[in-house]
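Consider the two complexes below, in which chain A is the common component and chain B and chain C are the respective partners.
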Partner chain A sequence: MIRGIGGQILWVDLTKGRIDKKPVDEDLVEKYLLGAGFLSRMLFDMIPLGIDPFSPKNVLGIATGLLTASMFPQSSRHVVAGLSPLTEIWGESHAAGFWGPELKLAGYDAIMFLGASKDPVYLNIENDKVDLLDASHIWGADVFETDDWLREKHGKRTRTLGIGQAGENLVRFAAIMNDRDRASARAGLGAVMGSKNVKAVAVRGTGKIEVADSKNYLKQMDIFFDRMLANPFTKERVKYGTTNLLELMNHIGRLPTYNMKQGVFEKYEKISGETITQHYLVKPRADWNCLQRCGRYTRVKTGPYKYIGGSPEFESQSSLGSRCGNANIESILYTHHLANMYGMDTISLGATISWAMEAWDEGLLTGEDTGGIDLSWGNHETIVKLTEMIALREGFGNILAEGSERAAARIGRGTEEFVMTVKKQEIAGQEPRAQKSMGLAAVTAARGADHLYAFPVLDEAGFDVEIKKRFGNEYLPEIADRLNPKFKGVMVKECEDYMVVIESLGLCKYGTQIPPEFYYEDVAAALRVHNGLNLSKQDLKTIGERIVNLNRLFNVARGVTRKDDSLPDRLTKEPSPVGPPKGQVVELDDMLSEYYEHRGWDVETGIPLPETLKCLGLEKDWKELL
Partner chain B sequence: MVTVTVKFFATVREALGTRSVQVDASTVREVLDRLIERFGKDFSETVIDQETGDLKRFFSCMVNGRRIELLDRYDTKLKEGDSMALFPPVGGG
Partner chain C sequence: MTELKFVYGDPQICSGCMICVNVCSMYYSKVIGPEWSRVRVVRVEPGLDFPLFCRNCEDAPCISACPEGALSRTSKGVVIVNDGKCTGHGECVKACPYNAIRINRDTGKAIKCIHCGQCVERCPADAIWITTEAELSEKDADGRMARLYEDHKEELYGREKSA
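Let's turn to the complex of A and B:
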């Protein structure tokens, strides 16, 4: 019997208004773990081909990992998944906080939302008591108002997850928020929740989690705690969070600027981590069992952008800042706050506005298109205004709410050239001409452009020792060189396999990937003492590979092949104009072929080969699709 | 001997109380030696591994945006006007 889990899955049929509880399938856990792997398996089987993501036939899954709510450092996470309305392929997103641990303490590892409710509802969980309740009076409320109302009604210790107006209005990059300002932001799954008329999930769990080996559990976790606290990254993360990445990224020319025309922003110091820390920081914040504490609260005390709340991290800082040519830090802090309030992905939000700004700069968009709104680079009042208009689908915001690729297709006139997406999702804050592995990772990620599916940061900041540990000497020094495309295929493949395992355990990538403090043998040790699972390093690697291949099959079944694993021409054909990557392009074809070879996928088509699927026990899945 | 600019970031900047300095040196090692002379313990205790004399684990030194590990490490020769940077442990996305 698997320990350290809630033990039950909640099946919520919204069309029928029926809730069932079923035990976790332990055979499935041994092949896919929980979290991302569990949802990959379930949704592959459940979501039909050829449906609209807003159809009631789409399934929205929310799951915790095998180590969520454990004492493993940074073990707070849950995952949401479904057919993405932004990419129309595999959609998956993750968040930290306290909501995931609370769900597990209530006795549940996952919630599967089927069908769609006729009227707005929310799911209320108080341990064994689970009810679908009327949400008509909070439909239209923002994320913070919803959290306030639910905690007033169900108790201050209730944890909430839900959508704001963006999800209700089917903004294609709407987020599912939890604990007020934590976001499962990418892939637009907030809009799927909105399409099902589900406003929120309130949870109160007061149960216990029984660990498998109580004698060795604390001893093992103590070792992990000491290692995490002693890691040199921890002190810096507590001090700056991820905000001081901006200075590093600008220095190496990897900071998306002016819609990724370049990787260096001349006004970077105005929006830097140092500026935020000196003038706006209230305090760092930690989620469940988090020792890195990269979350933080910030405050703008006066003026039009006055607020107090969650602070932007590097991605929001860059997308709403340099990417839009915006050097007004208070507007960045405030827009991030608005995005949380309305429930939107700040990466796609900033990237979509920056696309429009470049189109404006090129004279392809005018005041006639925008309703008179000025879209000049760096116009922070416009960024704030458009954020509200997108969430509420007002005026020009209604077009931008479709994401940059669909907006460009609708407007035409050559604006398509400035769309910085992969598979319709906007590329995150990694200018790949300055870090080639990030270019490859963006095209191979299952949910469209994404830096986190692989999170290939081993070439970023001097991890040669860790590279040797994972790969031996075979690929050094080239693999550690950001600007060298050589051996990035093997690196991205290895990182993807490991990261999907981490997403299936409910752990953070800070601690498992950067810094690379914990690796397979450590999570295997944790799974032994916490869950009673005896999985070897090789078992876990195979599970990671199985999940990645199943995600690929999900997408292949929806038409994805090598031709879709591509970057915008700007990044593969136009040399970077300034900074350390000056003259560089992303040599994508070579990296992609190397990646497919390591994956055991057909190099011409990018489709997994039959023998690869057979080794992973997935041959039946492929045959069923044919 | 050439003159190079050395920029400091985050906690390194805090420890030294300055954003950048100009240093006359021929190699990366000489620059670090000059910085130890100039800033004393503030620099050496923040940045240098006392056992090896090299940078502490995960600290990054770059010359014109390139990590020294990918150049000639501490023997990397410098040119007039080169820009060096010293970062504490930082990375991710």
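Let's turn to the complex of A and C:
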């Protein structure tokens, strides 16, 4: 019996208004773990081909990992997945907080939403008592108002997850928010929740988690705690969160600026982590059992951008800042706060606005298109205004709410050239001409452009020791050189396999990937004491590989092949104009071929080879696709 | 009389991670579960996180509330529960002005913080420490922390209405 979990899955049929509880299938856990792996398997089997992501036939899954609510450092996370309305392929996103642990403490590991409700509803979970309740009076409310209302009604200790206006209005990059300011932001799954008429999931769990080896538990966790706290990165994370990545990225020319025209922002100091820390930081904020405390609590005290609230992090800072040529830090902080309030992905938000700004700069968009709104680089009033208009789908915001690729297709006139997406999802704040592995990772990620599916940061900051530990000497020194495309295929492959395991355990990539403090053997030790599972490093690697291949099959079934694993021409053909990567382009083809070879995928098509799938026990899934 | 000690935390330093809560439930009850912990962490927006412990009141209303005489103060000044005498009827829970005692659902016995320091040792933010009233009033000379606790006392010490 698997210990340390909730033990049950909630199946919520929204069409019928029916809720069933089923035990966790332990055979499935052995092959896919929980979290991302569990949802990968379930949704591959359940979501039909050829449907619209907003069809009731789409399935929205929310799952915790095997180690969510454990005492492993940074173990708060849950994952949401479904057919993405942005990419129309595999959609997956994750968040930290307390909502996931609370779900576990209520006795559940996952919730599967099927069908669609006729009227707005929310799911209320109080331990064994689970009800679909009327949400018509909070439909239209923002994320904070929804949280306030639910906690007023069901008790202050209630943890909430839900959507704001963006999700209701089917903005294609709407987030699913939890604990007010935590976001499962990417892939637009907030809009899927909105399409199903589900406003929120409120949870109060007062149960306990019984671990497998309570005798040695604290001893093992003390070792992890000590290692995490001794790691020099921890001090830096506590001080800056991820905000000081802005100056570090600028330094190596990897900071997306002016819609990724370049990787250096001349006004970077105005929006740096140092600036935020000195003038706007209230304090570091942590989620469940988090020692890194990269979460921020910030405040702008006066003026038009006055607010107090959670975060930001590097991605919001760069997408709403340098990417839009915006050096007004208070507007960046405030826009981030608004995105939380409306429930939107700040990466796609900033990237979509920056696309429009470049099109404006090139004279391809005018006031006639925008309803008179000035889209000059760095116009922070416009950024704030458009954020609201996108969430509410007003005027020009209604076009941008479709994401940059669909917006460009609608407007035409050559604006398509400035779309910085992979598979219709906007590329995150990682300028790949300055770090080649990030270019490869963006195209191989199952959910469209994404830096976290592989999170290949080992070549970023002198992790030679860890590279040696993970890969041996075979690929050094080239693998550690961020401008060298060599051996990035093997690196991205290994990182993906490991990261999907981490997403299936409910752990954070901070601590497991950057800094690369914990690796397979450590999470295996945690699985032993927490869950009583004896999985070897090789077992876990195989599970990771199985999940990645299944995600790929999900996408192959929807037409994805090598041709879709591509970057915008700007990144592969236009040499980076300034800074350390000056003259660099992403040598994608070579890296991609190397990656496919390591994966056991057909180098011409990018489709997994039958023998690869057979080794992973996925041959039946392949036959079903043919 | 020996000086009464208790654990106290700074709501502006505490990051709300709940490691103290988890350490406590694991150390004493061998489970992870806030309801099995002798410390609570309450997040109050904007931006405050309160780690809440037994305050070791001088008049200790919990001791006098117990009809079984199960609570007593040791020579070192720690209020402890005698499990042999405790019948779990919860008079001490009701009497505690800080909502710092609860009944362990498995054993049916009252549990409370005895300032053992296991959580203090492991707090990554160094937001909690063992103190006394005298020491605390020196440390909090301007009353900043005391005011925050006072301003939010209803939310901090109120009983939960459902679940």
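Basically, the second predicted complex is superposed on the first by the 626 of 626 C-alpha atoms of A that agree within 3 Å, B and C clash if a C-alpha of one lies under 4 Å from a C-alpha of the other, contacts with A are read in each partner's own complex, and residues count from 1 in each chain.
Here is the rule we use: a residue touches a chain if its C-beta (ideal position, glycine included) is under 8 Å from a C-beta of that chain, and two chains touch if they have at least 3 such contacts.
Remember, it's a predicted structure, so these values are computed and weren't measured experimentally.
**Q** A:D481 in the overlay: touching chain B, chain C, both, or neither? Say first, second, both or neither.
**A** first
**Q** So, A:I308: does it touch chain B (first), chain C (second), both, or neither?
**A** Once the two structures are laid over each other on A, A:I308 reaches chain C alone.
**Q** After the superposition on A, what does A:S70 contact: first (chain B), second (chain C), both or neither?
**A** second
**Q** Would you sort A:S214 into first (chain B), second (chain C), both or neither based on which partner it touches?
**A** In the superposition, A:S214 contacts chain C only.
**Q** For A:A286, select first, second, both or neither according to whether it touches chain B, chain C, the two together, or no partner.
**A** After superposition on chain A, A:A286 lies in contact with chain C alone.
**Q** Under the stated contact criterion, what part of chain A meets chain B in this complex?
**A** For this pair, the touching residues of chain A are 232-233, 235-236, 239-240, 242, 244-245, 247-248, 251-253, 273-274, 314-315, 428-430, 438, 451-452, 455, 457, 460-464, 477, 480-481, 509-510, 514-515, 579-581.
**Q** Looking at the complex, which residues from chain B come into contact with chain A?
**A** Residues 7, 9-11, 13, 56-60, 62, 64-67, 69-70, 85, 87-93.
**Q** Inside the complex, what are the residues of chain C that reach chain A?
**A** 12-13, 15-19, 22-23, 25-27, 29-36, 45-47, 49, 122, 124-125, 155, 160-163
**Q** Quick one: which bits of chain A touch chain C in the complex? Just the residue numbers, please.
**A** Within the complex, chain A contacts chain C at residues 69-71, 98, 105, 126-127, 154-158, 180, 204, 206-211, 214-215, 217-218, 221-222, 225, 229, 238, 282-291, 293, 295, 297, 299, 308-309.
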